[in-house]
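I've put the structures underneath this note.
There are two complexes below, and they share chain A, which is joined by chain B in the first and by chain C in the second.
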Partner chain A sequence: MTRQEIFNRLKGILVLTDDSSRQGIDDLEESASLMTDLGFSSVTMLYMVIAIEEEFGIRFDDNIGAADFETLGDVISYIEKKLA
Partner chain B sequence: MDTEKRPKAKLISFRYLVYDFVKITAALPALLVLRPRWYYESPAAKKRIRGGAVVISNHYGFFDPMYLMLAIWYRRHHFVCGKEFFESRARWWFKSFLCIPVDRQNFSMSSLRAISDELKQGSLVSLFPEGHINGREENVGAFKSGMVLMALQGKAPIVPVYVQPKKHFYSRSRFVIGEAVDITGIYGPRPTFTQIGEVAGLLKEREDGLRAILEKPKGGRR
Partner chain C sequence: MKFDTRELFRKYCDGETFDRIVEMDSVSEMWQRCVSEYGGRIAVSDGGAEHTYSELENDAAGFRTLVGAGEPKRVGILSANSYDFVKAYIGTVTSGNCAVTIPAHLDAATVFGCCMMFDIRVLVYQPDLADKLEIVKLKRPDIKLIPADSLCGEKTGIVACGPQTPCSIVFTGGTTGRSKGALLSNGAVMQGTVNGCYGYPDVFFQRYLLVLPLTHVFGLIRNLLTSLYTGSALFICRNNKDMFRDIAVFRPTIMVMVPALAEMALTLSKKFGRNMLGDDLKCIICGAAMVSPFLIREYDKIGVKLLEGYGLTETANLVSGNPESLSKPESVGIPYPNQEFRITGQGELLIRGKNLMDGYVGVPEDGVYDDDGFFKTGDLVRLDDEGFLYITGRIKEIIVLPSGENVSPAEVETYFNAPEFIQDSQVFEDETEDGQRILALEVVPRATELLDMEPAARAGYIKEELEKINRTLPSFWRVSRITVRDSDFERTPAMKIKRYKKF
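Coming up: the complex of A and B.
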């Protein structure tokens, strides 16, 4: 799976989990900050991780916490590494 | 959620030895000194909690876990507590008391998995969603939304409980037990981020409602 495909599926997850900013999510870039641009909290971050696990069929490491990802690009890189 | 057959926690296990010993030996003194009195939000709230559930309560003092254990005395509580307690000398005590450590600054997947595993096994996970001791304030503080995620992952309902702040340790303990809230019944299995925040707000309102029951004149209480 290419990085772009992962990114598109990730956007799909973000739309599903946050219906209030559909348009904003389509325009997102990899450099978007989870905390400042998307307004994520530690809880919403973990909620996204759960949705990613179900979508991609991967399991995040136990020690992964809300503070481990700064941007969407970090999340994509992690998924890429897990799928490799 | 209610229609599914949910697992029940084990009746006897070596891991419960310390917890059960303390609970049994402290029962009589606690009943005599604290003289607990239970109130219920509705007749449905009187039904005993079976299977996995998240129990939430207001947090006004250090002894709240003890009061909460007394409020729902017939079940073992797995309290969610800060990981710093597990780094202290008393870690053995917290572990024996079935506490689940969480990093409050960086809530991790391991904590969430530990909590949801307990819930799926039919245990009761108890926590204080205000996230800190709220002093002797009568008003309940804002709730954090982590409990909603725990309940969703553990496929368990949330039971709100109000513990009335006491003027003295030996004053009578009063608890109000609320009806269980099934989040998936309200928002479906995958609520949005916004809805998770809404559930936290809704539960805070329910907690305020439980507090109001104790403020009613005696005839109006159940």
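Coming up: the complex of A and C.
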């Protein structure tokens, strides 16, 4: 799976993080900060982790926390590594 | 208004079930009944091991010996959710001691501060949190330290306690800002435990999944103690990211959740086209933050009752519960028995009753009670003609996040005020363009400390430095937006910052 394909599927997860679709989800870039650009809370982070595990069939390490991912790019890299 | 509402709940279950719900004076009394009536049933399942009520009592009896059942004292429990936590808690409170449940995320200095503030004499700790005891060991070598996984062959029997015997000290943000401990008697804890039984068709012999921290009153009383009271089995989810895998294995029938988690489960169910909470789930108990009627209706569509309740740490959790959530989704329900309400002219709810705390520990209590001993909740309420309670607003400063976590803004601000180039800061709840509630931070720089920096570069530098601090905070304290102001905050005549109140 290419990095771009992972990113597209990740956008499909993120678009559901609110009742209404996020504005400009298609325009997101890998450099977007989860906290300050996307306004992630601890629950959003939990949602993303669980959804990624379901979507990609991978398991996050137990000791992985929100502080390990500053940007969307960090998340994509982690998925890439797990799929390798 | 005095409430004797027990009979109002009778119609929500059969007579036999209702008559099993009896009030008790102490956790010891409850636990004695649990052991004699439910002995061979599974009480707790954790990490692949199942423990019956008899086995839990056997381990708790050893713990009573370890903590000592003589002179009553305060016993700190520093542990994440686990069977060892449950064992230590039951062992502590059924030996006549008072359990101080300490959140596992606190650092060594704060753990030491808790020991001092709450006069802890014995500290039970999860072995892999031992590094948080360094200061305690150094400065208070007299405090007895007990690893939570300890077993003791010498057993001590259950000690009888009265309703006034101190039972638990539970952390709360309170109504005035600073974190503190609410002292709950055995009578208060048991009233809260029994309240959790009212309003369901099936409350005994259920399967509960535990996802809330046991250091939170909602997790401790509604999730753990009501589960034990009803002979139910409690499955401990060690890591919330594994919640849905655990659900598939354990097939819970009741879950106690904050609205944000219930919302998340719904979103995931829609995304992946199946009920992620499992087909056995009958009921979700939701509290600690406002529940949207949307959630109640959506869960009803998949056959799950989502029942909202209202409570405070200071009232041993539940004040009211709503068995009619579908027809009255905006209400937090019927007040539970043995309480008195006063509603002030301003609409603030004041409460007195068996479930009320015996005060805060370690901090002044000025102004939290009225002259007649009613506790000022800080919540604005109304009652309808049928006696259902509605929360119409909050006058307290504490921010309750959608996840149910309480945040004391002043406490978080101390971290952002630490750099010398910050003059003042304000943490508040705000809304993004798409309606999502977030924590936001505004800061006023101290210009004198930034003179040697290009003006255009200052804001970027400040944000970068504050981001570093942000990442070190517990996740629910982190802010999602940082704004560097070019002017001071609006202030009161006493020069205090006027706090934003956007919701």
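We take it that the second predicted complex is superposed on the first by the 80 of 84 C-alpha atoms of A that agree within 3 Å, B and C clash if a C-alpha of one lies under 4 Å from a C-alpha of the other, contacts with A are read in each partner's own complex, and residues count from 1 in each chain.
In this section, contacts are C-beta pairs under 8 Å (C-beta built on N, C-alpha and C of every residue); 3 or more make two chains touch, one makes a residue touch a chain.
This is a predicted model, so every value here is computed, not measured.
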**OP:** Check whether A:13 is in contact with chain B, with chain C, with both or with neither, and answer first, second, both or neither.
**Re:** second
Original post:
Taking the superposition as given, does A:62 touch the first partner, chain B, the second, chain C, both, or neither?
Top reply: both
**OP:** Check the residue A:36 against both partner chains and state whether it touches chain B (first), chain C (second), both, or neither.
**Re:** second
Subject >> Greater residue coverage of chain A in the superposed arrangement, chain B or chain C >> reply: C
**OP:** Considering only touches as defined above, state whether A:49 meets chain B (first), chain C (second), both or neither.
**Re:** both
**OP:** Give one of first, second, both or neither to describe whether A:2 is in contact with chain B, with chain C, with both, or with none.
**Re:** neither
Subject >> Residues of chain A contacting chain B in one complex and chain C in the other >> reply: 16-20, 41-43, 46-47, 49-51, 60, 62, 65-67
Original post:
Of all residues in chain B, which touch chain A in the complex?
Top reply: 103, 105-110, 112-113, 144-146, 148-149, 153, 190, 192-194, 196
Original post:
Mind pulling up the chain A residues that touch chain B in the complex?
Top reply: 16-20, 41-44, 46-47, 49-51, 60-68
Original post:
Residues of chain A touching chain C in their complex?
Top reply: 13, 16-20, 22-23, 35-36, 39-43, 45-47, 49-51, 53-54, 60, 62, 65-67, 70
Original post:
Quick one: in the complex, what on chain C touches chain A?
Top reply: 239-241, 243-244, 260-261, 263-264, 267-268, 270-272, 294, 401-403, 405, 432-436, 438, 467, 470-471, 475-476, 478-482
